[in-house]
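Common to both upcoming complexes is subunit A, partnered first by subunit B, then by subunit C.
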Partner chain A sequence: MNTKTPSAATEALISVRNMSKSFKDFEALRDITLDVNRSEVVCLIGPSGSGKSTLLRCLNFLEAYDTGEVRLEGELIGWQEGTAQPRRRVAAGTLRRQRQHIGMVFQQFNLWPHLTALENVAEALIQVKGLGKKAAQDAAMAALTKVHLSDKAQNHPANLSGGQQQRVAIARAIAMEPRVMLFDEPTSALDPELVGEVLTVMKEMAAEGMTMVVVTHEMGFAAHVADRVAFLDKGRLVTLAPPADIFGREPDDPRVRSFLQTYRERNVV
Partner chain B sequence: MDFSFDVIAHNLPYLLAAARWTLLISVAGMAISIVLGVLLCAARLSSNLALASFARFYISFFRGVPLLVQLLMFFYMLPYVGLDLPAIAAAILATGMCSAAYTAEILRGALQAIPKGQAEAAEALGIPSLALWRRILVPQAIRLGLPSLVNELILLVKVSSLASVVGIAELTRVSQNITGETYRPLEIYVAAAGIYFVINFVLSRFGRMAEKRLQIG
Partner chain C sequence: MELDLFVRYGPDLLRGFGVTILCWIVGSVGGLLLGFAIACLYRWSIRPVRWIIDLYVELIRGTPFMIQLFILYYGGPYLGLVLTPVQAGILSFIVYGSPYFAEIFRSGFNAVPKGQIEAARCVGLSEARIMRRIILPQMLVPITAPLTNFIIILSKETAILSVVTVPELLYETQTMAAETFTYIEPFLVLSLFYWLMVIVTSWLGGRVEARVTRHLKRT
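Our next item is the complex of A and B:
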């Protein structure tokens, strides 16, 4: 866990205000308000279908939220500022610039199979940051070294284990030097013995002060690495508290209690 | 009647000369098929409703009518609308335009086989859509679609024989003619089959080589 010195002058890095999102008739998120501070690790937990992934995907506008606000360092993400209704999306170029600062790691890795590990990491450095090929490869190599995969740089994803693929995906995101990293169930598609290596890399990132929002079913990670844990149920943010308040004692909210019970039965926490 | 290699040897130069027309129709047809196929695929996937329905109509028409009938239509009907095409142009256009319908569908299938997450990963990184297509989607679509595309091109070589009905002296037509003069159908058609096979064998080797080069892992 990292220590923070919250200074009065610094606003939250990400601030979500009264955000709601529906898919047709299904209300996926309702009135979510949440701040993520610099260097903070926030884990989103909850039953499947509770809206954790949707919330995460609204943060970088992969899903367009309907109402409310998502701000990164004060800048509204995805929608144009102002009170005009209906709101209009920002220009494609603006959204690309906003997304550059928000790294994302997916459950299914989503590496590009025709490119090597190094090329996967270098691609956005060339296409988005405009680096030359050599500079991009050097930066990509540095990112791969951070996830302990410099020796696999020339491998294609098909020749990497799931854990290695996910670490390449993490390197691809951190190479862009984002202000915040979003993780969407980063270990859910992995064989149990490969989960550890990915979590280790994530812990190292947290220790270095990376701001992270992590959707996870790894309660151990949430308990030991998160600064705060958000529990979602049926699209609502039920609890937002330090992990000790959620895992350390019997939670007040019956929904949190019954959710954690399923883990306790398996001796996970 | 014994099989005579002399008959083949004697007529081979004529057959090979005719094979040049077969090759011309095939290669020109392939060029049309690929260029038009790419455009049709893009139109079919476009969010522009008019473009998409045009592509859909085009594809269902050219897939739904026998190529032989299309060829005869191009040859006999276009003059009525003031387009008097030479037979060879009609043959190339008909085979190319018909094949383009299949090529478009092959490409569409390949593009849709690429997991959605790959485009999402690019979007999340802020990669512009032109680079997404050029660097990520198209290379993979070619890789995924290549076996079917080679299949389609081989098919195109074979259907070029249909051009015989509009009087083009391509391989099949000339074989028929020589058979009429020599009464040696067995030898002549065996020789013609051999030439078709060689053309397609070379084509499939090229396809295999391309697949190997694009293969990963």
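Our next item is the complex of A and C:
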């Protein structure tokens, strides 16, 4: 495994240590160790079923990892500190506080369809951050402006395109001012012509220094925006390297080679 | 048709109708609330509690309403629970309706896509907030029709309360029929009263449904 260790100067924002996760008999993740530094963009790629989404979902404890650690700024996520086995979950309130700092964007957008775009973004600002209605609406509007949707604030999701819905979902997450953003195949449910607008917003976020972990099949995005690309296969982290090492030359690992080969063949017009 | 009969028995019939409405509305609202509480308890509790709830649901759904009413009204005093007919009627209505309402709510919870709830957890909303702000408003869409339906069924089940001498509509109608030896007219009027309850309920249900599905319409 040619995992690159982060330089000592930069403190890891997210630190995953020897993390494993099984669903019944299926071993979804095995012994994952990964650091994500502040302002870094890490893309997770790999064949379907390789565990990329599960890894992402373990980072904010949507899936409870079995063994190992996930830390955000040093704080263990989801489990109580200490070595006692079996580990106990942190209190519900603690988990909510931890999750506030971890924004997440889903493949299926998961907007709340009975609320307008503005209300979708403002909801947690009011209920979780405790902002007043006016302040929350202003902050929500600012977030919508960031994703270039200020003119759609009063639309319900049913009256937005897929790309617009996904941008509202991004606004909903960034309005909470998270330390890190997780993206779970954010463009996979979109019509091809709508992918660009979402990727543009994500590039802008990256340029502004947002720390991002992105599960994606958009190799172009991984190649041009990621600082490092992690390749997963069968629940293992096979390679973690700068995109140039993975896309620029013929990769050393046969699994990476075959994955990219398939990918290139599929995308030849 | 002997109209003077209705002048004579009209007040009794109307009073009976009032008792029917009282038992029906209080019983339905009570059953609705108890059913919601049961559904929430089921959602958030550990397995043994769920077994108890399952048993309760099966027990109540598996026995006829009239038997439950008899047990409560005639059996209650043995347990120190002495109730007037109307109290027994309302209480048994609440108990009888609750598992059906609980099942409707449970299906309503499941109708909201899991991803939306995950998204809510990701921004830090509490479970209670998620229920109130995300699940409840949306589950009104799939549950309004079955709720309306069941409340309509309950409106007609009130007739059974007459067996424990609740002075409701059927009881008063039977009294009138027995005392005057007329049957067709009183029971026609009785049907009219039930029919009135049903169409009003169904109209209200339709209004609620239109209201809660507003956001789904593309403009």
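Note that the second predicted complex is superposed on the first by the 255 of 269 C-alpha atoms of A that agree within 3 Å, B and C clash if a C-alpha of one lies under 4 Å from a C-alpha of the other, contacts with A are read in each partner's own complex, and residues count from 1 in each chain.
Keep in mind that, in the parts below, a residue touches a chain if its C-beta (ideal position, glycine included) is under 8 Å from a C-beta of that chain, and two chains touch if they have at least 3 such contacts.
Please read these numbers as outputs of a predicted model, since none were measured by experiment.
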Overlay on subunit A: subunit C relative to subunit B, clash or fit: clash
First (subunit B), second (subunit C), both or neither touched by A:Ala173: both
By the touch definition at the top of the document, which applies to A:Gln261: first (subunit B), second (subunit C), both, or neither? neither
Of the partners subunit B and subunit C, which touch A:Gln154 in the superposed model: first, second, both, neither? neither
On the A-aligned overlay, A:Gln100 touches which partner chain: subunit B = first, subunit C = second, or both, or neither? both
Can you list the residues of subunit A that touch subunit B in one structure and subunit C in the other? 60, 62, 92, 96-97, 99-100, 102-104, 106, 108, 110-114, 123-124, 127-128, 156, 158-159, 169, 172-173, 176
Note: in the complex, subunit A contacts subunit C through residues 60, 62, 92-93, 96-97, 99-100, 102-104, 106, 108, 110-115, 123-124, 127-128, 156, 158-159, 169, 172-173, 176
Could you pull out which subunit A residues touch subunit B in their complex? 60, 62, 92, 95-100, 102-104, 106, 108, 110-114, 123-124, 127-128, 156-159, 169, 172-173, 176
The answer for subunit C against subunit A in the complex is residues 113, 115-116, 118-127, 129, 133-134, 137-138, 215-219
Of all residues in subunit B, which touch subunit A in the complex? 115, 117-118, 120-129, 131, 135-136, 139-140, 143, 214, 216-217
